[in-house]
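Multiple structures are listed underneath, in structure tokens.
Common to both upcoming complexes is subunit A, partnered first by subunit B, then by subunit C.
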Partner chain A sequence: MSDQLLSALPGAASEGFVTVAEAGLRGMITLRGDLGRLTFALAPLGLDIPAQRAITQADERSLAWMSPDELLLMLPYSEAAEATRTLQEELRGEFATVANVSDARAVFALRGKGAPDVLAKLCPVDFAALKPGEIRRTRAGQVAAAIWVAGEDEMRLVCFRSVAQYMFDLLTTAALPGSEPCLYS
Partner chain B sequence: MLLLTCPCCGVTAEETEFTPGGEAHLKRFGPGSSDEEFDAYMFQRKNPRGVHFERWRHAYGCGKWFIAARCTMTLEVFATYPAQTLEPPAEVIEKIRARRPDWEGAQ
Partner chain C sequence: MSHRLSSGGRLIDRGTPLRFSFNGKQMSGYKGDTLAASLLAADQMLVGRSFKYHRPRGVVASGAEEPNALVGLGSGNRFEPNQRATSTELFEGLRARSQNHWPNLDLDLLAVNNLVPQFLTAGFYYKTFLWPRAFWKHVYEPIIRRSAGLGEAPDAKSCDADRYEQIYAFADVLVIGGGIAGLQAALAAAEAGARVALWEQTAHWGGRAPVDGVEIDGKPAEDWIKTTVERLEKMENVEIRLRCMGAGIHDHGYTLGYERVSDHIPGSHGPRHRLWRMRAGQIITATGAIERPLSFAGNDLPGVMLASAIRDYLVNYAVAPGRDAVIVTNNDDAYRTAIAMRRAGLGVVAVIDARADVTGALPQAARSAGIRIIESSGIRKVKGSKRVKGVEICAIDSRGVAFTEQLSCDAVGMSGGWSPAVHLWSHCGGKLIWDEAGHFFRPDPDRPPTGADGRPNLRVCGAANGRLGAVLAEANAAGLESAQAFTPTAETGPAATDTTHDEAPMEPVWIMPRQAEYELRAKMWLDFQNDVKVSDVQLAAREGFQSVEHTKRYTTLGMATDQGKLSNINGLAVLSDALGQPIPATGTTTFRPPYTPISMGAIAGGAVGDVFQPLRRTPMHDWHAANGADWEPVGQWRRPYTYRRAGESRTKAVNREVRNVREAVGLLDASTLGKILVSGPDAPRFMDMLYTNMMSSLKPGKCRYGLMCNENGFLMDDGVVARLDENSFLVHTTSGGADHIHGWMEDWLQCEWWDWQVHTVNLTEQYAQVAVAGPQARRLLEGLGGTDLSRDALPFMGWTEGKLGGFDARVFRISFSGELSFEIAVPAGQGRALWDALLQAGESLGVMPYGTEALHILRAEKGFIMIGDETDGTVIPQDLGLNWAISKKKTDFLGKRGMERVAMQDPERWKLVGLETLDGSVLPHGGLAVLSGRNANKQARTEGRVTSTYYSANLGRGIAMGLVARGTERMGEVLRFAGPKDKVIKVRIVDPVLIDKDGERQNV
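And now, the complex of A and B:
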């Protein structure tokens, strides 16, 4: 394994009416199977199975509902490999999949009051209806994305690493000063 | 604009978040069927002006397939329901009849 672990666009950031920043490496594990039967494996992590479209948090970890048979576990990057092995071990014999997808993803943070305005230009989503604790899978421009409210005036977006540059440029352009649609701010 | 509600994740979004999958409730005719049956299954579609049953996939969302009953003229959606449904459910038919009393039925 290389000792140089790099996120998709290390340090990439742009300043518009919203600050767009690539948020660095994040551990991500995809779990697929009957969600009710994944509960016991996730219990040691202190995480409850989220309700439909919900995202639950516990310390540095969060667990997102991605589809009726899919969860996304997010945790510190350094814990992902070990957690994947543990979950695979615990779910041995179950009809379930555990995959470490950390290196297949990129994360962006949008900071500023206008974050929903930036995303509203790119996604077919009513961001007034997106509440903290909910994750919304959708498209941003031409690529798939998952978006949630990460705090006061901060939203986070996950996409495939292969489209990280496209996403960064897209978000940066949508956040250009003077282009505020002021839908939500 | 066509607005669809995915019955698998509950999201309502416009059509660019979804992928169309053509006419729903087709009965498959494969090996052993007559040429006419296979031709009808493979190529013949209703393409109605009005009530239509269609397969859609929530491609940018939860990724699941579902079925939508909608009007091809007005883009009014009468109902969406799970893909694992062999024929339009009675409550869907009822909803369509309430909005389109002259509708000739699903046949």
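And now, the complex of A and C:
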């Protein structure tokens, strides 16, 4: 089915004082349970269990702390279904839940020095305190979102798939040239 | 006359003239002007008419406190009323018009109100328009509304053309006010290592210091301001912002800032206003002070201004309000204006001082400059009609029956002392004390606002703290102490030394002259914007209004858009005097945010147009949009109500879809249905608590319909549960109920049953889901192939998963239409492809998509209930004949106790039945079955109501369900339903299941 797979807004991009682009399909697996026990199942992936509000990365994968009993594993989309089954098998008999949520999400990349300035208009987050290696679960406008620093002058945002257009419109509007608040940049 | 001086003006750029219009008249000013400055420069002293009496009014002040100079700015979808000319920066092409007059500013016929002012004294409306009662709404109010009021509301059909936005920000120390105190406080906090934000409401740093001749380290204040701003700009930990007003301080350091991003550069790309939502650890307010007017007769005439405003216009904009001014004062500060006038080469006829023996440094300097000082005196009245022509002088301690001297002048500068701008201090609970020396309220250092930890989180410095002399040392300490809240050992250097003239004590004057007779008091304005006079407040006191809050509301003192910035202290002083009590005993009214009005656009922020609110889209949304979908909102989703073909009416489209499902096969985008995974060792037990029926006995691979009730037993949600394995269930909820039910589950798991081992995961958006319903449904799916969907392999109420035409599918054999029906769930990314594949595979079978209206009709033909139609939060499952879905075996479930209450057991409860009109017509939505007689509320008595009503194309007549008293015991009875225009519709009570009572069609 890979030729017919669609992310929420394939190819959507806008140029403002930062570039906003939908980042395509990304594998995402929700893991719930005792974080110590989840470590055991995740060990083969080479990812450290993230501390509170942190995100750890190794190769194409990353692991984000979502709540005291929830992690989010991000990995190439093509690996998600198989990884879900493997993890479910690993955790069989444990009080743990593994769910493939890859298709429930949309991912956006914000590129440019002003990325935190754009997000500051939408999220009640202190971006000066959001360091590389951290993730914030928050809201953007009127919907839920999670945000992290993905690299030099690049931030990533995850939201629910159904509100991808809303999110794209929000980010594009907040990044309109002439509206630079010059708060973080 | 007011005019522009040939030289000077520290804020204007004479090289850049700007054209603007006022009431259509072309005028010009300079870059850097405020609108008020350029109006005065053009001798436009009359700028508006007053609220009640339509008296001519001119510019009084030079900043945010201005009560009179309000104009309508712009036009069309950029028109905005009540804009202060004193804080509007001039720009090329600005269009302003004056307000509250008819037919025009110069000739205002409504000024007759002014001839009989005793008609509009305090409480006039309350006393006069009591009778006849109906006249208020239809006669009095429309007349009063035309006469009173400020600017016009923008045209209701126009839509603001500008953009607005909001932004979240954080700081250790937020300093509000960019005068020298604010700058010093910010510098100290920043040097001590704090993360600092500094806001200034105007376009310039430094506040009044340059105008008032303050010297810092022996040099003009302007030098220090420039260096300090440069230092702050270079510091990494400091964020400074002009044109950003601290609008309100709320709980726990949450502060709103109102940034006017592009008011001064209209047509630029950015937003017009930006609302800052700042969370500050510590706040310093350095908001300065506001000069008070003096209350003498005719103090509202154009040409009478605050003394400080006169020197602001002189020094900042090189604009003189007159050629020969009289200054009237009770303090030394006003002499600065006299000296500034003289220095600018203008005439000062005299300074009239209420005090005896005036010997302070500033008065002496004025004397040395040859200015005449008239001591122990006041203004009896101002002469002139539309502008000042002269003043009459009398002894300050007199009734002012006669004047002692007349002076000709074309401007009057008045100063009744200064009031610290304590608004922000007060917003979040800071208390005030009366300063006996300065005669003003100032922040009480012992009762400051407090933060989340109960400790003070706000400091105040400068004139806002009642300091009218040197301020830098105090500001430095405020900055350092605020920083030390984060780093107790932080240090900073000493402040520079600011020096200004020493001032002799002021002497309070609340009425001028002090024993003024009524004639004079009735012309002394306290609140210019709401037209409240000294006599009004005194009348209120005589009529028994003792509380300052009551007097405020009775007289409207301080209730206009300026919230009494000029009138507050004078008004309560007059009230105190009338009540014979000291001012602190009277107290002040409450200061509430915002400090000055902020735009509605800033409050709405970016939430307009496409992003007004989130619109949720399914993976097939674009297909629906391209194929004639008539949208219907379902929660935040949009679902197709029906798909209209070219030239097809909505009704015809629905009928076509309804018939096609029964005759061939239809596709429904069911992706919006809630899908919640419930898993864990205690999941079966949890499911039994959530649902009224037994879920723990459901076998993996099977589905079961279930009901959820709230604690009161009222039906809340319904849907099909699929058991995935021993410890996990997939809960389908209604489209609108998904988030609520997920929250409901988590509420019980986190708060009540925290020791149960259950996880919930909301998977609603992970799957695209399509219902394939109709006699040809199986054939259609067999066309895709890959999974055996035969009756034996997948019986009714079973589910399976596997490849279906290459899709990763989970197939549920469930039916909400009564037809042979499958719901196919695939990962959302495959949703659109699945939809296309189903349409293609069904082409030869007559497949059509169907919308929510067809869905509703199909279920109604089968007598299936719909949450929100048959339920409204007061309906229990038993009312709907769903007793079969309520377990008798379970010891408990949510709602069980609620259902056992007496009212829920009442045999008179309205029960669900089918309703069949005798003439085959469609019953009106919400129609009521009417009985004779009236109930206790004098309403017609009723015995039933319609919950669902449709035209059924399959049956060729109207069908309906409804709740009827003892309905199920009354089969065959005919009820009388109220139709439109008193028409009676006869309706027979029937079985709600109208098609395929035995369920053969869905079971094939």
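The criterion applied here is as follows: the second predicted complex is superposed on the first by the 182 of 185 C-alpha atoms of A that agree within 3 Å, B and C clash if a C-alpha of one lies under 4 Å from a C-alpha of the other, contacts with A are read in each partner's own complex, and residues count from 1 in each chain.
One rule holds for everything that comes next: contacts are C-beta pairs under 8 Å (C-beta built on N, C-alpha and C of every residue); 3 or more make two chains touch, one makes a residue touch a chain.
Please read these numbers as outputs of a predicted model, since none were measured by experiment.
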With both structures placed on chain A, which of the two partners, subunit B or subunit C, ends up touching more residues of subunit A?
-> C
Check the residue A:A43 against both partner chains and state whether it touches subunit B (first), subunit C (second), both, or neither.
-> neither
Tell me which partner A:V125 touches in the superposition: subunit B (first), subunit C (second), both or neither.
-> both
Tell me which partner A:R139 touches in the superposition: subunit B (first), subunit C (second), both or neither.
-> first
Touch check for A:S162: first (subunit B), second (subunit C), both, or neither?
-> second
Please work out whether A:Q52 is in contact with subunit B alone, subunit C alone, both, or neither, and reply first, second, both or neither.
-> first
Who does A:L176 touch here: subunit B (first), subunit C (second), both, or neither?
-> second
Would you sort A:A99 into first (subunit B), second (subunit C), both or neither based on which partner it touches?
-> second
Could you look at A:M66 and tell me whether it touches subunit B, subunit C, both or neither (first, second, both, neither)?
-> first
Show which residues of subunit A both subunit B and subunit C reach, each in its own complex.
-> 124-125
Contacts from subunit C onto subunit A in the complex sit at residues 163, 165-170, 195, 239, 261, 268-271, 274, 277, 279, 606-607, 610-611, 613-619, 637, 677, 679-681, 728, 757, 759, 761, 763-767, 806-808, 827-833
Complex contact set, residues of subunit A against subunit C = 1, 4-7, 25, 30, 32-33, 81, 95-97, 99-105, 120-121, 123-126, 128-129, 141-143, 160-166, 169-170, 173-174, 176-181, 183
Note: in the complex, subunit A contacts subunit B through residues 52-53, 66-68, 70, 124-125, 136-139, 144-145
Which residues of subunit B touch subunit A in the complex?
-> 8-11, 13-14, 16-17, 60-64
